[in-house]
Amino acid sequence: MQLSRADLLKAYRTMKMIREFEERLHIEFAAGEVPGFVHLYAGEEAVATGVCMHLDDRDKITSTHRGHGHCLAKGCDVDGMMAEIFGKTNGLCAGKGGSMHIADLSKGMLGANGIVGGGPPLACGAALAAKKLGTGGVAVSFVGDGGANQGTTLESLNLAAIWSLPCIFVIENNGYAESTSCKYAGACHDFADRASGFNMPGVTVDGHDFFAVHEVTGEAVRRARMGNGPTLIECKVNRYYGHFEGDAQTYRARDEVKTIRETRDCIANFEKKATSSGMLAASELQETSREVLAQIDDAVAKAKAAARPGAADLLTHVYVSY
Amino acid sequence: MQLSRADLLKAYRTMKMIREFEERLHIEFAAGEVPGFVHLYAGEEAVATGVCMHLDDRDKITSTHRGHGHCLAKGCDVDGMMAEIFGKTNGLCAGKGGSMHIADLSKGMLGANGIVGGGPPLACGAALAAKKLGTGGVAVSFVGDGGANQGTTLESLNLAAIWSLPCIFVIENNGYAESTSCKYAGACHDFADRASGFNMPGVTVDGHDFFAVHEVTGEAVRRARMGNGPTLIECKVNRYYGHFEGDAQTYRARDEVKTIRETRDCIANFEKKATSSGMLAASELQETSREVLAQIDDAVAKAKAAARPGAADLLTHVYVSY
Amino acid sequence: MSRQISLQQAVNEALAQEMERDKTVIVMGEDVAGGSGTQGEMDAWGGPLGITKGLWSKFGDRVMDTPISESAFVGAAVGAAVSGLRPVVELMFVDFMGVCFDQILNQAAKFRYMFGGKAVTPLVVRTMYGAGLRAAAQHSQCLYPMFTHVPGLKCVVPSTPYDAKGLLIQAIRDNDPVIFFEHKLLYSIRGEVPEEPYTIPFGEANFVREGSDATIVALGRMVHLASDAAQALAQEGIDCEVIDLRTTSPLDEDSVLESVEKTGRLVVVDEASPRCNIATDIAALAGQKAFASLKAPMAMVTAPHTPVPFSDVLEDQYIPDAKRVAAAVRDTMRYKA
Amino acid sequence: MSRQISLQQAVNEALAQEMERDKTVIVMGEDVAGGSGTQGEMDAWGGPLGITKGLWSKFGDRVMDTPISESAFVGAAVGAAVSGLRPVVELMFVDFMGVCFDQILNQAAKFRYMFGGKAVTPLVVRTMYGAGLRAAAQHSQCLYPMFTHVPGLKCVVPSTPYDAKGLLIQAIRDNDPVIFFEHKLLYSIRGEVPEEPYTIPFGEANFVREGSDATIVALGRMVHLASDAAQALAQEGIDCEVIDLRTTSPLDEDSVLESVEKTGRLVVVDEASPRCNIATDIAALAGQKAFASLKAPMAMVTAPHTPVPFSDVLEDQYIPDAKRVAAAVRDTMRYKA
């Protein structure tokens, strides 16, 4: 699929938004402003962005504990997300979910998920609904390399294949599940190798490369929309921060992240490609960056100023009717 | 591995024992003598027999709801099994388990299992114990084609591979999970195709052919004992009776079983091969058959005559100490 | 006389009528049709006991056989429920919850709350429970106490064909995730059931029998034992009130409390194993909110703290029976402070 | 003065001492060492909160990191337990039970019974539970009522470093499957703990405080709230007995009943959600077996019937606190028949 200037600018804005969102949370967390467990997506922006560029409001995604990038790429409101992460009443989940449970069903974002492997079955269901209701929608399930070994994920590959569901499994292989290497935990060379055992195409791409991710996803989404069933896409990528904020990361090689940041950063690479090809001007990128930063500043300020939930909120939202 | 005359006779006795055990239960069930759910293994004898011939008391197996054949092949006592199936106090499980839970840990038989996919994780553990304790033992997990799609099974493939466990997964593909075709439920051509996605050898064999099963299992057991990790073996086979006794089997093609019985029966084929090669005499086979039948008659008579558990047995065996 | 059908037929009819009424209702589970991919007949099974048989013939691919991958297909039902369908998914035996519980416990049950009230998850999980089929430890459990424990779930345990139909239709129309427990031994019981669709609201217990001496609270199959016991006791001049909870979550606290306040005596009959079960739940409720009315210790008639045994002798002893219920009531009556 | 260590250290020490003593004890779970297969340090994590850190350095490959495949590795621990090892497997958060419960519910718990007494399953499942870390609905549950409900399992919920060490050593030496619940907020509390190994028998509650006016039964982190409440009440002249259950299965019924018989008043404090939980279980026990002694309704202080909220304001309200416990006791004292 040819990317227009507008597409590229949108992609850039999304990647930059995710990056700055996470960089800012990293600082706010260290300052003790953010409660709970926070898993940052910095470094993996090209994946969520490249995938979600193909999706519209008919389409659904399921996410993981590391969900901020997926949310932003799927169109969740930045202010609402920030407020949620700060536990405020105007958060996307009224302060009841927090970082690990941000959702916006109206945007087709079925929720970050605190359960590794929680998402893939749900994505099968969203895809089934699209199929039965004839919406033309697809479902995408983001799963980590750790989550790729969870039985729920493996079962879902099978289910999606036998029902020929419009479902795409995106394995975000960032090399680690917490402090454990994907090579130790996963018996396979590439996770994409597992696809053939479930009768679906599997492809491995460089998750630092927005263009590569965008291309293979385009193919998979077309396949799905045409009724030709699921695809497994493995994106090899890196996370820039610890498993969660507070992780000392002694299991990583010295300078591992530094080297990647310097040589393979998805945003820097995108900037280079987009400007050198003449598609986007450096000034446009700078302008976008400025806007993004301002938006994040604003979101954080609003989130900090926002009201906390009140006692009465504890008991609401358990049931629609009880 | 070269099969001696004694081996062949033993194999024959085992297959025949399983067959007659099941044929007899089929009759007893119809007569209302056997309580509960009974899943017969008739037709699949070559699998349990060909596999378990390689195993000794160090080795463990996990089984399924269709477990009689595995039990017999692993050396469980015929009388004890029959009594258990009749719910008697002298049964292998004191009448508390029944057909779906026959076990004899002293024989390395870790239990039939009422949960589809319950066995493979247990087999990983048995293999892990063998490895840690240096017993030289291996573990074999029997799984149906239906069970092959259960997440617990798929996870176990991965775990066994990354830990290089002496564990063998035998998928008994009899074409059906209850009334559902393995082709509908499993997204793969052969289940053995899934092995490579879990970094282990996978092989499909004709499960009606004792010699074929015996050969590939020999290879897998050697591999496992040498510390070279797991193998997945898919045996294509057929069941002669319904999913459970009482199943009208209208989902099967007319004469499906009849044709198989007539043309591909594992015992008839074995008889032909063994006698035509001159390894065994027809009279030996007949003699063995007679002995088997007598033993089963005897087991049934004893089981029927045996005492039922008494009220006091209800509360025992919940804990070792409580 | 009005129409009598079995509980099994009532369940089937409720499903058929709701599928007819609402195109977004789908049914899925292992062998719910049966015959998928085979060379023989389709719609060959309707589950191992034939409960859903015929639905595929009426509704085609809105009735979907599944692989034996409970996490994937129960989870798919959850995902479909938040995406515009109203799935009725069958977990064949509730004993199998252990391979898919996460999708119920952490996904379906919690979406609405975690997402700040923005999710609606109109899911029904139908499942078989209970002992009596000589099906042993892994196919005979009740387990509804575990589901009742989970905020966000509704739990329905019908005792009659009439209730099964009305409660199942309510469950399908309900916008919260509902776990619907069907006792294997109740499928064949027959009772009066109107042909037209109707609903029975959740959280409204049924007074099966009015009485003034003692309250027997029961659910599911135990309601019948309670009634039998009450009938036997009536001949001895002991007048029992029998309350069928119908749903354990929501719980009709008021009906239980009212009755206990009237009779002053409480016996709870629960087929589940005894720790942290519905019996303790109801007893604790009375001990907390109807204490002043209590004239005698609460009694609980439950299964013992053991797995379900295979042997018929043992299983018959395992399951509560009307005699034990009656004995518990008599003890309660005999109690002198 | 004798040695004071944290509960976290007590758990680590118990594991190390038992691994030292018995070569068949192994530890497995996600990141229980940490660093497996990486280019950086091994033994980098010890679980997300560092509880098992250092064990790999001492015991090498008897401490095994696992993939995120709880069914497979918890099941492997079960299989290893019936094959000669004594595995201590970590289910990181008890909330994750939903992806592996079958191996506990239907395998480990039932082997002995189903197999007629022939199986021995010396398994320990260590797991974190409880709210307070702002970890929201899927990482903050208690869920021990579900495990307590299951015949064949033993459930341990320690409240102090001393108990944690002694009960964990007992759990490892015990020949039945034991689920060992560690509250995240208790890891840092310190207390006196002997260096040498010792065991605390299961089924023996601890009288944390003796008193004559009211009995407060609690477990895990709630024991500390109960003690705080008792101390506050003492100043008002209300003399509470505080009982720490230590194990919910087996349950020390006698201690609870004795105390209630003495005080006539019962308050149960349970962090779990309120339906079919330990609070109802204990209240029902008293209502059944100590009825004559009861002077007032039993009170239960529990979480509300909602998922655990993320917001600190809401979570603080969600978790029972000493004030609510004290208020419940006061209500009980004020009660007039």
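Note that the chains take the letters A, B, C and D in the order they are written out, and that residue 1 is the start of every chain.
By definition in this document, a contact is a pair of C-beta atoms (placed from the backbone, for glycine too) under 8 Å apart; a residue touches a chain by one contact, two chains touch by 3 or more.
Remember, it's a predicted structure, so these values are computed and weren't measured experimentally.
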item	value
Chains touching both subunit A and subunit B	C, D
Rounded Å distance between subunit B and subunit D, as computed from the means of their C-alpha atoms	40
Whole-Å gap between the CA centroids of subunit A and subunit D	36
Shared-contact residues (touching 2 or more other chains) in subunit C	66-67, 69, 71-72, 95-96, 98-99, 102-103, 106, 113-114, 136-138, 151-152, 304-307, 309-310
Residues of subunit B engaged with two or more neighbouring chains	93, 95-97, 101, 113-115, 149-152, 155, 158, 162, 184-186, 318
Category of the chain touch graph - line, ring, star, complete, other	complete
Contacting residues of subunit C [partner subunit D, same complex]	71, 95-106, 109-110, 113-114, 136-138, 145-146, 148-152, 248-249, 251, 272-273, 275-281, 283-289, 291-292, 294, 296-300, 304-307, 309-310, 337
Subunit B-touching residues of subunit C, taken from the complex the two chains share	30-31, 34-42, 44-45, 48, 65-72, 95-96, 98-99, 133-139, 304-307, 309-314, 317-318
Of all residues in subunit D, those that touch subunit B in their complex	24, 26, 62, 64, 66-67, 69, 71-85, 87, 102-103, 106-107, 111-120, 151-152, 154, 174-176, 203, 250
Partner subunit B, residues of subunit A touching it in the complex	149-152, 154-155, 157-158, 161-162, 184-189, 193-200
Sites on subunit B touched by subunit C in the complex	35-37, 87-89, 93, 95-98, 100-101, 113-117, 146-147, 149-152, 176-186, 243-244, 248-254, 256, 308-311, 313-315, 318
